[in-house]
Amino acid sequence: MEDVLIRVSEKVSLKDPVLVEGLPGVGNVGKLAADYLRERLPATPFATVHSKFLPPQVYVSEEGLIRLVSNDLSYWKAKKPDQRDIILLGGDYQGISPEGQYELTESVLQFVVKLGVKELYTLAGFAQGHLVETPRVLGAATSPARVEAMKKHGVVFSRNDPGGGLIGASGLFLGLGRLFGMEGVCLMGETSGYFVDPRGAEAVLQVLSAALHLDVDLSELETKAKEIDRIALKLHDAQEPRSAPSAERSREDLGYIG
Amino acid sequence: MEDVLIRVSEKVSLKDPVLVEGLPGVGNVGKLAADYLRERLPATPFATVHSKFLPPQVYVSEEGLIRLVSNDLSYWKAKKPDQRDIILLGGDYQGISPEGQYELTESVLQFVVKLGVKELYTLAGFAQGHLVETPRVLGAATSPARVEAMKKHGVVFSRNDPGGGLIGASGLFLGLGRLFGMEGVCLMGETSGYFVDPRGAEAVLQVLSAALHLDVDLSELETKAKEIDRIALKLHDAQEPRSAPSAERSREDLGYIG
Amino acid sequence: MEDVLIRVSEKVSLKDPVLVEGLPGVGNVGKLAADYLRERLPATPFATVHSKFLPPQVYVSEEGLIRLVSNDLSYWKAKKPDQRDIILLGGDYQGISPEGQYELTESVLQFVVKLGVKELYTLAGFAQGHLVETPRVLGAATSPARVEAMKKHGVVFSRNDPGGGLIGASGLFLGLGRLFGMEGVCLMGETSGYFVDPRGAEAVLQVLSAALHLDVDLSELETKAKEIDRIALKLHDAQEPRSAPSAERSREDLGYIG
Amino acid sequence: MEDVLIRVSEKVSLKDPVLVEGLPGVGNVGKLAADYLRERLPATPFATVHSKFLPPQVYVSEEGLIRLVSNDLSYWKAKKPDQRDIILLGGDYQGISPEGQYELTESVLQFVVKLGVKELYTLAGFAQGHLVETPRVLGAATSPARVEAMKKHGVVFSRNDPGGGLIGASGLFLGLGRLFGMEGVCLMGETSGYFVDPRGAEAVLQVLSAALHLDVDLSELETKAKEIDRIALKLHDAQEPRSAPSAERSREDLGYIG
């Protein structure tokens, strides 16, 4: 079969669209943010990505219906003059091997460049290893101009973080994107790395909304965040060093990679 | 070499055939069911699947003859007006890598779609982690109509099971099958997951026989099931936590994947 | 690069040649036998096999000269009317992944079939897990006639061994060879599996020499075998359960696969 | 995408250039040497190698700018009649799988052969497992003449080292290089293998400078080496068996392979 198969359900014509990527990763911050945004805009699904570089797996819905794991593209058309058309990339998994990461990322880039994408925002989490009350958004970008622009939205460009660079889709989309002539920014919401973290996603979406002039109500993310806070608090109160199993029960699949 | 090589030993012409897949997996339920069905119908072998995505292994018969590991297709022609032609897929292994799973499944689908297959039944086990006296058959399907049809045959569509979805051939055949325009059902016989489980296979075949109007005598599966019951009982009576080695001696190779 | 690169140093024209394969594996029996045979016939190297499915490694000779790891083909022309031309396959490694095993084996078969090979002997070790004083030669073959022919040379075809089949090149050459219309035999010299075992190689070569009417002086293998015996004895006398490290120092690289 | 993508930023015309390879490995000796040489000559970057056989990773600079991991080629033109044009190969990683090693090495060789490269120097470390005060440079070469030539520069060709051969890029460039008709030498600076080792790099560059008639001031490597010495001494003085974590903090990423 084709290594990466992109099935288009609707032919779309977009005006200078920006790609926003949010796949599973650290604290699931990127995926939470992208999924929330898709629901809230709302964005319309128009293409599905299947690949042998994703797990050989189907999900089963509560109604008993199967769905092959995939990445998914949806679009949203600008409503106001200061807004831009958006293509959202979400999905169940990142590529499950280094080669698969490259192949998937390159295939999606090849696809969206034809739709006119010249700019990327990639959304991710940044694991701090401890609870983070008010997550900052760390950044990485393809050009000094973009670094400066993001700083105005409160994004932190730290000399030391992320020290080892970015591993996975959020970095690779920027790195390979440059080979396609694209520019972009990675927004990393701070998170403990222990839980699915809606608050990290909220922080990331605040920056993205400001940058793209979107009016997105983030209150439900805040609600979800408070739930997780309560769980975290309980775990903390229990004061047991071996509380990990309980934590695990309350978190979703975090994916395997940053 | 070709990644997947399908060698046809007999050219067959079938009428609206249904594909029934049963490869090694949890409790070997799917393979046991498919192998039993092939013997009982009986179905006639007509194609062999070799692939570099299978282990580099040959089996040696009691007579000293080697046989390269493979997947195998056999067919059965309907005998009565309410029956349908069947293609059975069995084999020694599933693909031994995620990519191999995709490649093998896609190659077989590509092959059978040319033979007119538009509908699939995939047979599998569902590991409960404890002994199951009267295994239910859980289901997953590609359409609500199929869910309803299977419910009439006693198949259980649970809101929560299988929670993590299906990993491996039985799910992938349905998931990729949809990309070929095929519809289908996965039938999962409950099993402990500790033993090869003929009773899970029996449960699955009862549903399949009803759905496809087959007259298949399942008594030998029941006999095999009782043997396993006896072994399980002995192990239970021994009440030793370290009884695993004995159990291992009495079970066949379970394959590596659900 | 090409996945498998066969570099021919001499164009050879052979008459109904038989392929004898001996690559590293259990007790290094197959490799020892093939290397010994090449030296003794002697066979003339005529082709080298390089591949990305071998380790990315060069060996360095005592003179400081590098040599890229490879498999190697050499030939020997029959000297007497009852003998046949032989192509010997030896080498440093088997393919280091399942897919690599298939690709390498298939490439060599594709190459030798053009040289007229229709028959194969594959040489291997059979690990017994305990010291074997007088190793038998176990067999597996592609046809009942070959089983019978080998029995006349003392080869044992056991109902139960090898129970799990053959994994690796020796089995795969026979299994894939059949897809090329080739027939053949695998000769497995019994060995402990703990040491490089010249005695297992000797046993295998005795059968092969008889089958192919070769006059090969096996005395040096016997000498090597006695050296290993002495080491084994010492280890046994030491009667220390942790004698493994010493053993390791005295054995060569055994390869990774049977 | 292409498995290996070489992007040329400047078309260069060189006269009988020699390729000098120094990628991450044991003690990072090869990479340190190549990076130092590039800075000191200085050599001009003219091509970047991206590949799915490198990790799916971007680095982030102190300014917040991302850079996709890569291998990199730079050139230097001879300044004196006894010098030769040089192409330097450095980078962030070696290929992260055996197949990737072959693919990357072969792609670079294919590229540089077109630029006229017929000779290679590969730089590496040789792990001794203990601190080495005055590192020797061990050698391996493609021809007896080169062995003799290198001996004149003090390179040691040991009968026993490296016993298991060379694994990774430095060996593979020589091994595959021969298939391109290239000759060459591997220079291995002795190192403990525990630290990034500028002194090993210094030793290697002394030989290389002599062989290629380069005037390279090695004093900064000596300075770096003394820093590492101090750290090593401190660790030694602390005399704690568990001093590894401190050591780790002071060393850079060593890469994964020799």
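To keep things simple, chains are lettered A, B, C and D as they appear, and every chain counts its residues starting from 1.
Rule of thumb we're sticking to: contacts are C-beta pairs under 8 Å (C-beta built on N, C-alpha and C of every residue); 3 or more make two chains touch, one makes a residue touch a chain.
What you are looking at is a predicted structure, and each value in this text was computed from that prediction instead of being measured.
**Student:** Give the chains in contact with both chain B and chain D, ordered by label.
**Tutor:** Touches both chain B and chain D: A, C.
**Student:** Pick same or different for copies chain C and chain D, depending on whether their interface residues overlap by over half.
**Tutor:** different
**Student:** Name the chain whose C-alpha centroid is farthest from the C-alpha centroid of chain D.
**Tutor:** Centre of mass proxy via C-alpha means gives B as farthest from chain D.
**Student:** Taking each chain's centre as the mean position of its Cα atoms, how many Å separate chain A from chain C?
**Tutor:** Their C-alpha centroids are separated by 53 Å.
**Student:** Could you put a whole-Å number on the gap between the CA centroids of chain A and chain B?
**Tutor:** 37
**Student:** For chain A, give me the residues that contact two or more of the other chains.
**Tutor:** Expected reply: no residues.
**Student:** Following the definition at the start, I'd like every touching pair of chains, please.
**Tutor:** Applying the touch criterion to every chain pair yields A-B, A-D, B-C, C-D.
**Student:** Quick check: in the complex, which residue numbers of chain B touch chain A?
**Tutor:** It comes out as residues 95, 98-99, 101-103, 105-107, 139-144, 147, 157-159, 162, 164-169, 171-172, 174-176, 178-179, 186.
**Student:** With touch defined as at the start, can you tell me which chain C residues reach chain D in the complex?
**Tutor:** Its residues touching chain D are 1, 5, 7, 50-60, 62-69, 96-97, 253.
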